[in-house]
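Two complexes are shown next, each including chain A; its partner changes from chain B in the first to chain C in the second.
And now, the complex of A and B:
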């Protein structure tokens, strides 16, 4: 007897297909054959795998299929004015107050009138709305838009792995992206201030926002990029945000991503960084909001001599869940990668940090180290960390470490014995724990704003 | 006046203090000596209120207040200061932030006005200078990368900033060379005053050449076995602790 093979979809999985059918013809670039093909291929990729679940190794600790009961419709941009005061409320005054060129993406749409477009262009930056670009897609952008996030290397000893499974979150981003920005610094361009890409969504009825940011730094240019994601106080937000950073030869970026959404939000983010020769990436991810957040980070060393430092901190409470999963691929020799991730977990929250470092056979003299650390403040908190090293070269230095523990009672006693009341002493130690990662941020105003945000989270103030 | 009566204290299942009695009047410096394991450091921790040490019997009163009912921070506010034998390194906490938080916590608890940042900086600089502490050191994380001597000087700096009335110095001389010992001892001596009591815990007589005690007590097996004046320390230097070791615990 032949049993019919029937794919069972969860409600959310089916919802997502329905969302696509409903909006497909109205999405930006619908008239453009290349874009339409990218979208329909991506949807097919998504449909072939569905939402990730715990039996998918990379999603072992974040069972999205079971944690996402339904998918919200795509946000309908109203184009309404958004005041500075609203931005300040969404981001906190300190973060909104960081002196930077602003780029605002709200309700899934780039908002030039809220952004410093003229000032950026005067400084030589090239800036485009993603939605407009999709209408007449230049050939050179096609590979970036069609990016699938596939692993580039590591198949030499396992050729059977060459058939890669599509990443459904990236696939959904490709299929449904409505807006965002493309920022390019051409050789010789230089900005005197950071660029702050502010993403605001989740107003009114539950909705989904699917956006894309592409940042290309040509040879020798440098940029200080802050990306913040916040809520506008509605009844539910499902976000799918993808950021691609392409660093040319000797290009350098200081990149801080701040996740500040409300406690009901779902935040799915992909970051893909490609590193040219001698390129430098210094990144920080600060996760404070959202009930469920997942940050997929892929760093690809394509040119020799690149240096990458990725650091992060998650401050979670109640039943928040934050998963940061990285894949760092050393495809060429003489590159250095560092990861330091700190999670402070209270209530029944759960932190996940997974980092895989792949060193291709040619990538000799690779230097890769990673560390994931959690401070558990309650019995109900959980930290899962999984380092993975796949090394196919023989002359490399690679290491990984993980710790998970409670506040050290000896340290606490020392502070209390000096007259510091226990709650303050605890806060001081937590601040110090997070501070080790925050110290890696080179942009001082960002570092100070996040240090203050951490103190706010702890409910104390140290001046 | 510190008054300890019939103090029994244990850690895990081991009884360390077994009926200790001690009185330290205001303004006096008392040295506590004794062989390893006699309970010297336990006494220091119990006075400061370390949780792992369980007091099963007896009492400690400081100027009439029952110390055993108070948390470590409350004891600090009441004037108790323990200079640690092994000052703790705390990465990520800037020494200056720590000092200011501690001093202002204590001032607040004592009903004194908290220092503003500039005021505090000035006060710290003055005290640091007397202890020959490089102000650069205060910018570093607490005790991180400090030498043994720097850590002990930092303890004395904290002691002078917190203006305690009962100072407990736990083996402050350990790990110090003679120059560092002199600086630390000078710092302690400057703090001697008629309304400040001190307990100087040490294994060796050497420190007591610099900080001359009013009384010396020898601890043995969790009790005060013998008390005397400063000369008792000199005598011990000659005879050693053999007679106080007794049967092994």
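And now, the complex of A and C:
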């Protein structure tokens, strides 16, 4: 009983270390000392903590260590052509049909030949392949690539909490990233259409895809960014995707992330948004696919007067598990944050929403509100939520709410009394529930596509 | 608004030294040797004249405690406690044997007198006639169990209560006189292995109150326990066990104070409540341990495990707490809603000022069918303090139609304090309906302007607004403590305005 406990690595944990030793020297940027150092440090960070499990507070409801029996090898890029028809199948015609500049990342690599590179450059956007950039890493990108996702504030008052443990998912992304895109809008650049970043993986043998997207908007620029993730019908996909958005002064972004992978996929995603003064972020995350998905979102207010609105919906069934965990850090005064998250849970699915708002001691006049709501459609479903406020400034208005319940019988009765058949009435109520979050999407084609996708999921066609 | 006037009045009256219970009593004490070991556990058990089964129970807990480590997840920060530096038993020398009221050391009686708790029944009765003490229900006053460091000094109104069949005595006495009840229920709500401090308490608890209300009895008066830490470097480990048998009702109140000392004193209590079919327990706490001085030196570490088990059908447990004292508070009075149709309630006002740290909240665990719970928590932070609400509401697979409403509001006064909210909601049943809302704000300029414009001073305005803010909770306190509490709130916030 008193034997010292030896930390044993699970198979997946060991697999990941093996994957790194196997591919380390062939990864992009292997020749570049700075990049090699970032990678080896990150691997050491990962090795020191292993995969997250339920004893790790932020992963309390998603025990990755037990849910990930093995780690797949990194995908081997074949470079084969991917047809429009394939993209349409993977994303659904509606979403593939959204009029936008396409950027395709497939098999862990940026695919310029499938992307609208020329058109984007003509409009003044600066675009790079991540893999190429890693070979000759410019100094200004180094801090972005080395990002560890550590909490920035809140220690002034609670100094003993300064020791942060590394985020193993970010660490693995740093150690193993193979490709992705870097998009920058310089001052004065303007795009007339959204940019659609399409990520396609998971073909053939089980494989892992580790990619990163970096989007930098300089002062006064704005962008409509759609990120979609889908699988190509193989035998298993483990994805680790990281997106970093840097908003300069008065920059604005409309950001929709659509997760449409197959029912066997594992989706681990990190999003880090840094907000400059008067910057504006309006984001939406739509989770439909994957057996296990985890979306880590960090929003950092670094300049005064920023406005952030984060919304999301998860539609889950069978034994799907979707966890959205976010941390919003108000480090400066006069910023506003809003979160609205909706989960519709059928079968034995499990939805998790954790949202923490931190208001640093100097961040006076902060206005923060968050709401997480779940609709449980079956006895087997489960919703766990933890809305957290950590407030160190007094002149603030912050609030959160959370609700969980089933479809209101009274509302159902009302609709049925008006001659609407029960299945349609239910679907209508669910659609309305999700619709509240969907309404926040400002990009109309995206909003319409997701409204239609929700109806498809419900199996009902509305006129 | 008489309450407001009174608060303001009292705030004015108070000197710089605002903790008025900070005196210490000079009385000869019997102490166990410093430190903790199996011998100390045996020493305490022997002092109490306990049967073998109780000693075994303690030793088992002690051995388990040795294998455990201190919890670190709470949002409180303090230097590591050296558990070998504490005294685990301290009793007034005159209390070697249990005494009747006449034999209690007058020094002790004077101490309680000074604290505003007259122990002589005559005086209490006299107090009842006084309009100030008159209860709304017309109940004849309050029975008190007074605990001084490690022992119960006296329990009043025992005879009157016995007539109704109610057992109200110290837990040591209960272990001797009612072993069948204690054995059946002790540790059945908070098992010895529950957490670090509960396990420590199980090993070394020295006294506390025991209440048994038999089937169908409505306890004829309010019961209360008054805890006083006096001795230096002692830990107080009290254990309270309250059982409401079928259809019984009891309302219980505890109050606590300690002298002002430079060092930190440890208070690690365990409270267990058991409500059987149709029973109701109302448990109120006014916690006013010494909070430390203006620089955050000294004060009581209040690490408490409180849990109620709604074991029977239609049972109800309600916790009401007013937390104004302690340097560090770590407590989560909880309800296990096991019986069908059972109900749990939690009403809390937690006020932190100076360098106080509070991490408090509740757990509502819905297990039975048609169970409901309600949580109202009001946190007020001022000065350099940190105030955290941490709560769990969960509905298990079989808890159909579970219902919860939670509202936790925080008020910040000053720009050096922190207010935090960490609620956990776990719905494993589709028919469960959970609603949670929380807000954090400061007293709004509009509210202040409105009050000032009507001629109130800034201090009066704050007192008015704060009293309004906590009103929902104070309403659930027994009547005679409401006035006292309003006054306490005024004092706790003194110096935070402006």
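We take it that the second predicted complex is superposed on the first by the 457 of 463 C-alpha atoms of A that agree within 3 Å, B and C clash if a C-alpha of one lies under 4 Å from a C-alpha of the other, contacts with A are read in each partner's own complex, and residues count from 1 in each chain.
Keep in mind that, in the parts below, a residue touches a chain if its C-beta (ideal position, glycine included) is under 8 Å from a C-beta of that chain, and two chains touch if they have at least 3 such contacts.
Values in this document were obtained by computation on a predicted structure and should not be read as measured data.
Peer 1: Considering only touches as defined above, state whether A:20 meets chain B (first), chain C (second), both or neither.
Peer 2: A:20 contacts neither chain B nor chain C.
Peer 1: Would you sort A:431 into first (chain B), second (chain C), both or neither based on which partner it touches?
Peer 2: first
Peer 1: Per the contact definition in the header, classify A:57: touching chain B only (first), chain C only (second), both, or neither.
Peer 2: In the superposition, A:57 contacts chain C only.
Peer 1: Touch test for A:392: chain B only (first), chain C only (second), both, or neither?
Peer 2: second
Peer 1: Residues of chain A touched: more by chain B or chain C?
Peer 2: C
Peer 1: Is A:418 touching the first partner chain B, the second partner chain C, both, or neither of them?
Peer 2: first
Peer 1: Please report the chain A residues shared by its interface with chain B and its interface with chain C.
Peer 2: After superposing on chain A, no chain A residue contacts both chain B and chain C.
Peer 1: What does chain A use to touch chain B in their complex?
Peer 2: Its residues touching chain B are 409-411, 413-422, 424-425, 428-429, 431-436, 439, 462-463.
Peer 1: Enumerate the contact residues on chain B facing chain A in the complex.
Peer 2: 48-52, 71-73, 75-77, 81-82, 84, 87-88, 90-93, 97-98, 100-103, 105-106, 109, 117, 141, 158, 162
Peer 1: Which residues of chain C touch chain A once you look at their complex with the stated criterion?
Peer 2: 67, 73, 75, 77, 386, 397, 410, 412-442
Peer 1: Under the stated contact criterion, what part of chain A meets chain C in this complex?
Peer 2: Counting only chain A, the residues touching chain C are 1-2, 57, 157-161, 361, 364, 374, 376-379, 381-406.
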